[in-house]
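So, here come the structures, one by one.
Shared between the two complexes below is chain A, which pairs with chain B and chain C, respectively.
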Partner chain A sequence: MSGVVEVSRLLVRYGGNPSPTLEEISLSIPRGSVYALLGRNGAGKSSLVRCLLGQQKPSSGKCILFGEDVWKHRARLMAKVGVVPEDPDAPPSMTARQLSAFLSRLYPRWDEASVFERLRRFEVPADTLFGSLSKGQKALVSLALALGSAPELLLLDDPTLGLDAVARAAFFDELVGELADRGTTVLLTSHDLSGVEKMADRVGMLKGGRLVLDEDLDALKGRFRRLRYANEQTEDPALYGQELSDFDAVRVKVRGWGVEAVVSNYGDDAFARFAAKEGVVDAEASALSLEEIFVAVAGEASPGRNT
Partner chain B sequence: MKATLAVAAREIVERRLVLLGTLLVGLLPLAVPLLPGLGGAQARDVRFVAAFYLALTIAVAFPIAFGATILVSDVTRKSISFYFSRPLPAISIWAGKLLGALVLTISGACLAAIPTILVDGKRAFASFDTSGPAAVYFLLTILLLLATAHTLSSVVRLRSAWIVLDFLMVAFFAALIALALRSLFLAGFWNLDEMKHSPEWLAWWLAAPFIAVLLLASYMQVADGRTDARRSHGALSATLWGLVALLALPLGGLALWVSAATPKDLVRVDGIQAAPHGTWVGVSGPVRFRGSAEASFLFDTASGRFVKRPFSWGGSVAFSADGTRAAWLQGDLGFFEQKMTGALRFTAFDAAGPATIAFNVVGNAWTRLALSPSGRRVAILDGKILAAYDVSDSSHPKQLAAVRIEGEARPFVFVDEDTLRFFPRLFNSNRKAVAPAALEIAELSLLSKKLSLTGRFERESLPLLRLSADARFLVGTRRTKDDPSAPQILTLHDGRTGALLASLAEDLRSPSLRFLTGRRIAVAGIDGRTGVLTIFLESEHGTAARERTIELGPAARLVLGSEIAPGRVAIALFPFKENPPASRRAAKLALVDAASGEVSLVADGLVPADQSRWWSSPFVPPAEARSPASLLFLDADQRLVRLDPATGTQTVLIGRAK
Partner chain C sequence: MSRGLSVDPSDSVPLWKQIEENVRRLVASGALKPGAAVPSVRDLARDLSINPATVAKGYQRLVEAGVLVVKRGEGTFVAEKPPALARGEREKELESGARRYAALAVTIGATNEDAMGRVERSLGFLRRKRKGGVE
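So, the complex of A and B:
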């Protein structure tokens, strides 16, 4: 194990729920990389983040940060971790200035100037009660505070949820700048896939409590393609898609003009063979955005669960 | 520590408005002089009282409010994650919040009183106990309220299935602890009177572990539950009930252990009553390894069988003359103390074993009772009503008579199966107050249910009385002066009429008397510094003639025991008047042959077990000559010992060597 984050066979089960929220999850995040953890609501993202923060004890398996079990050594490890939670949890009766002063007593290194500089850039007042700030402002204050300790690892749990486009842009711009400056390792969960796509090195996707995807973003985008073609071999729509046998078809939809499929093992040679197949007409392949890949993979998600 | 203080400071800062509010509320007592009709010192007093109760209210309300919210609300609102995603150890989060609540409470109480102190000066609260222990009690009270409120709030607000366990456990352990404490209190495990400190000390020794358990459980709730409400409740419940079990189960075990004491566990015999015949004795004393607990038993000195009796005011037991039955009043048990009312218990010493029956015959600590010579009848004088029962069928007592006895309650005995005899009162500490009826001797026939006067004592000569086993004689002891160490007059009276028959001693200190076989009467006492035994012979006319006087040797005090064989009397001679262990160890046991006057010293440190004591009934017949009880002695360690007079062998029956 050499990653900043190592998750090994993580199982999380809540109370009397018969099916686990997270089932045998294993992943590794190397230092300096940005890992985007994707999944539909209830897929288990927040549970994984809580486990990584040492706030949730796994039913089995381990979460290792910087080589140490985070459940056992949470307090020490949190000195190296910055967190932006899904729901801003800072005490509402404190201002950003007071929060910074409070946190400065807890972290071995605390850069108060950088906190206020970021707040200035975000145009968030430092002397307004946290509870009085807008959701976007709270997220930005949380980010400023998370970066105040110059963390080696940032855990961002859907931080842009509910933010407007401007706030989202400010948030991600700051992150990109931080990464460029310091090479901080980031684990990010978000539904803002376009924002994630600009930053992420690697992507993991949770579906029904299982990690169904875990690979570099470039490789992921390289192997996913949308194929469109007509099929002259048969007029029975039930038989459409059989010609895709050389591909791992994630999703197949029959349109009025033909077939649209998303495949996860695209290759130019394979596509050439496919296009030459009898009955396949006007075959074309196009790249997918991360969001499209996510929709294709997670689209047929199992019923949502509370995490 | 730095992190803890940071968390505490944050809590205080967050609730700073509460402190400001208490300061403002603290101004209210200053308006007291504005009330109509108040002024000067009176206004100051009212102001102080108002400020005091204000501070007290805050000292009670704040810990309850903060205990119910400070941690639990953080968990339910999920805002506790703010702390857990920081480099804060769980103990700093827990202790910081606890410290914050404590500071807020104490500050709030003080702030409410400050305006009054500023106006009236410190003398306003000068009467307060600000000593160390008082401060500790104050702090413990706040912690108790805080921890209890937190626990209850967690149970209710975290809304997990653990609440079912909580309800079951609280019911189980509350019952277990209450029963265990009740058992220990009733057994006298804690002697509140003799405790070094007041009962509050005990309360705090029970409360302090309770506080510690609640605080530890709340810490585990934070440390192990962290941000997970269900797990948080689980950690609280598991720790709480685990620790409560650790304390309560041993407490229950201790209660069982204390209540399971047998005669073998008696450290020494403090009280003993021997049946005139047979092998049964009533014994009581402290039990080893059981705190201050004492136990009381009917004990068979031959077989070791026993009947346990709760140690109570009903300690005195009535044996039948033949030693086959015993009866006593056993105090009813309240929740933590014994009531002063009780019900009759009756034990028959059958061959198969002792069988004890509880009768629905009630009495109280002042009720007197007597058994007939055969033990088949029992009489109880409760208040002014004397009731007699036939207990031949011990499961169905049959009332024979219920007669109203006028005047004060007096001692009585069965002189035969059908006749009860009433005697004058025992003590006459205030002679002027003696009512004429208290001087009378009367007999009640259970056949005719008639009470008839048979004799009377003169008021001036009313002595301390003892009765002969056959009820023929009464023996009176009267002081010549108020000084207890002065010589006393010992007189022999007719048991039925009270008529003076003979004066047996006039110049002995602490005289005592035994009726011996062969119509002999032994009178022992201290003459100067020498123990003296005088033997009298009953004449045919009922008077007594001096047969011989035997010098027993140097003694400051003596105990006249039973006849261990016809004509052989056991007497313990003490070198000192008092009864410290040294005097008991130095005591000499002499066996005196009444016929020949021969004195033989047989053992050191033994005292006859069958001796009259000031608290035992003077109407209990002494052990019969050569009965097993006549061979029972208490050694220097107050162990019950059986002496073989032929060999001098001592067999310890009850008690432990020190």
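So, the complex of A and C:
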């Protein structure tokens, strides 16, 4: 069975730009999974999100939601999608109550009671003008409204950006409840990588318009390790790192005490062979957090590009 | 209720596996007694703010292994009888656990003596705790 979201060879080129913003991206999100889309600013995340919402026409390729082309069937498909935008953009002079009443006319399955129930839980007043709410409250109102339509797909575009720790926790709490109750499929972009690390099943990483990673989080974390060791084979720092030839080293740094490297194809057996190599002393391997993996992969200079 | 069931996302061990191992440890030590209720998937996911599917995966493995049982409409409980692992399965689990520990000991430069001593003390502690019900 195909996924809730199927992106195939999606290419987006903005007029006059020599290199495309998205270069033939393909990805698939199965029903019920939580997919985290990562990337530095300018990597193409927003363009991909706009394409998925039918707000941007692909130069070529397709975005398919629930088996149908988004660009062709936007209105029908968007009824099944809940969106929490990066910058909640509801009209500032409307209250949450008025916004809910307005949206109930657009969505056939609108559940007004659930909206007020969530607002109560978030302790956000339903009768305060949207424009007078704090940033955290705006995000929570957006989430309550996004869930009001009982969406099959929830698209969260950096929803916790600028929120404090308490508001972030409340936001993720609600998301956990939603996942437990209904198994809603989620596409999430976020800079809060420790939050993502606990929530995501699968991670995609955009870099310079290309999808450089698209993998289950467990597998991703299993193959990345930081290696530290002293090199007694050569006195010449320029030759350090050669002993790593069995690994794909994403990054190698020479420190005072020896060498630190991040490798992307770690295996216990390969490491045991490496640690036993002549000249390699005190080798140790440690796990990386998603944030560290992100920095190692996203921070690496991409060949043939200058952005 | 979720005490002792914390997880560390920066660990290389997948979160569902950490949950599985923590529950096993709590059952082995007697902190979770046979027949005791374990937190629901939803409650534990909320407490740890992790994806409920991750908790469910850990629990699923424990149910398959016979450590936990699901009673419909009531919740999930520690099995009344400790699970009897098939011999091959048991060997495999012991072997892989031993390898993980050995790799850790070697990486951080512990002597064989130090590493073995700690295993013996941990075993003794768990067995005493089970017998005496020391908290």
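Annotations for the structure displayed:
Just so it is clear, the second predicted complex is superposed on the first by the 299 of 307 C-alpha atoms of A that agree within 3 Å, B and C clash if a C-alpha of one lies under 4 Å from a C-alpha of the other, contacts with A are read in each partner's own complex, and residues count from 1 in each chain.
Going forward, a residue touches a chain if its C-beta (ideal position, glycine included) is under 8 Å from a C-beta of that chain, and two chains touch if they have at least 3 such contacts.
Worth saying up front: this structure is predicted, and the values here are computed from it rather than measured.
When the two structures are aligned on the shared chain, A:V34 is found in touch with chain C, with no touch to chain B. In the superposed model, A:G3 lies in contact with neither chain B nor chain C. Contact with neither chain B nor chain C is seen for A:P20 once the two complexes are overlaid on the shared chain.
In the superposition on chain A, A:G148 contacts neither chain B nor chain C.
By the touch criterion defined above, A:V176 reaches chain C but does not reach chain B.
Residue overlap on chain A between the chain B contacts of one complex and the chain C contacts of the other is empty.
On the side of chain A, the complex with chain C involves touching residues 32-34, 169, 172-173, 176-177, 179-181, 183, 194-195, 197-201, 217-218, 221-222, 225, 268, 282-290.
Per the touch definition, chain C reaches chain A in the complex via residues 7, 9-12, 14-16, 41-42, 45-46, 48-54, 99, 103, 107-109. Of all the residues in chain A, the ones that touch chain B in their complex are 14-16, 50, 53-57, 74-79, 81, 83, 85, 87, 89-91, 93-94, 98, 102-103, 105-108.
Across the interface of their complex, chain A is touched by residues 2-3, 6, 10, 13-14, 78-79, 81-82, 84-90, 92, 160-161, 224, 226-228, 230-231 of chain B.
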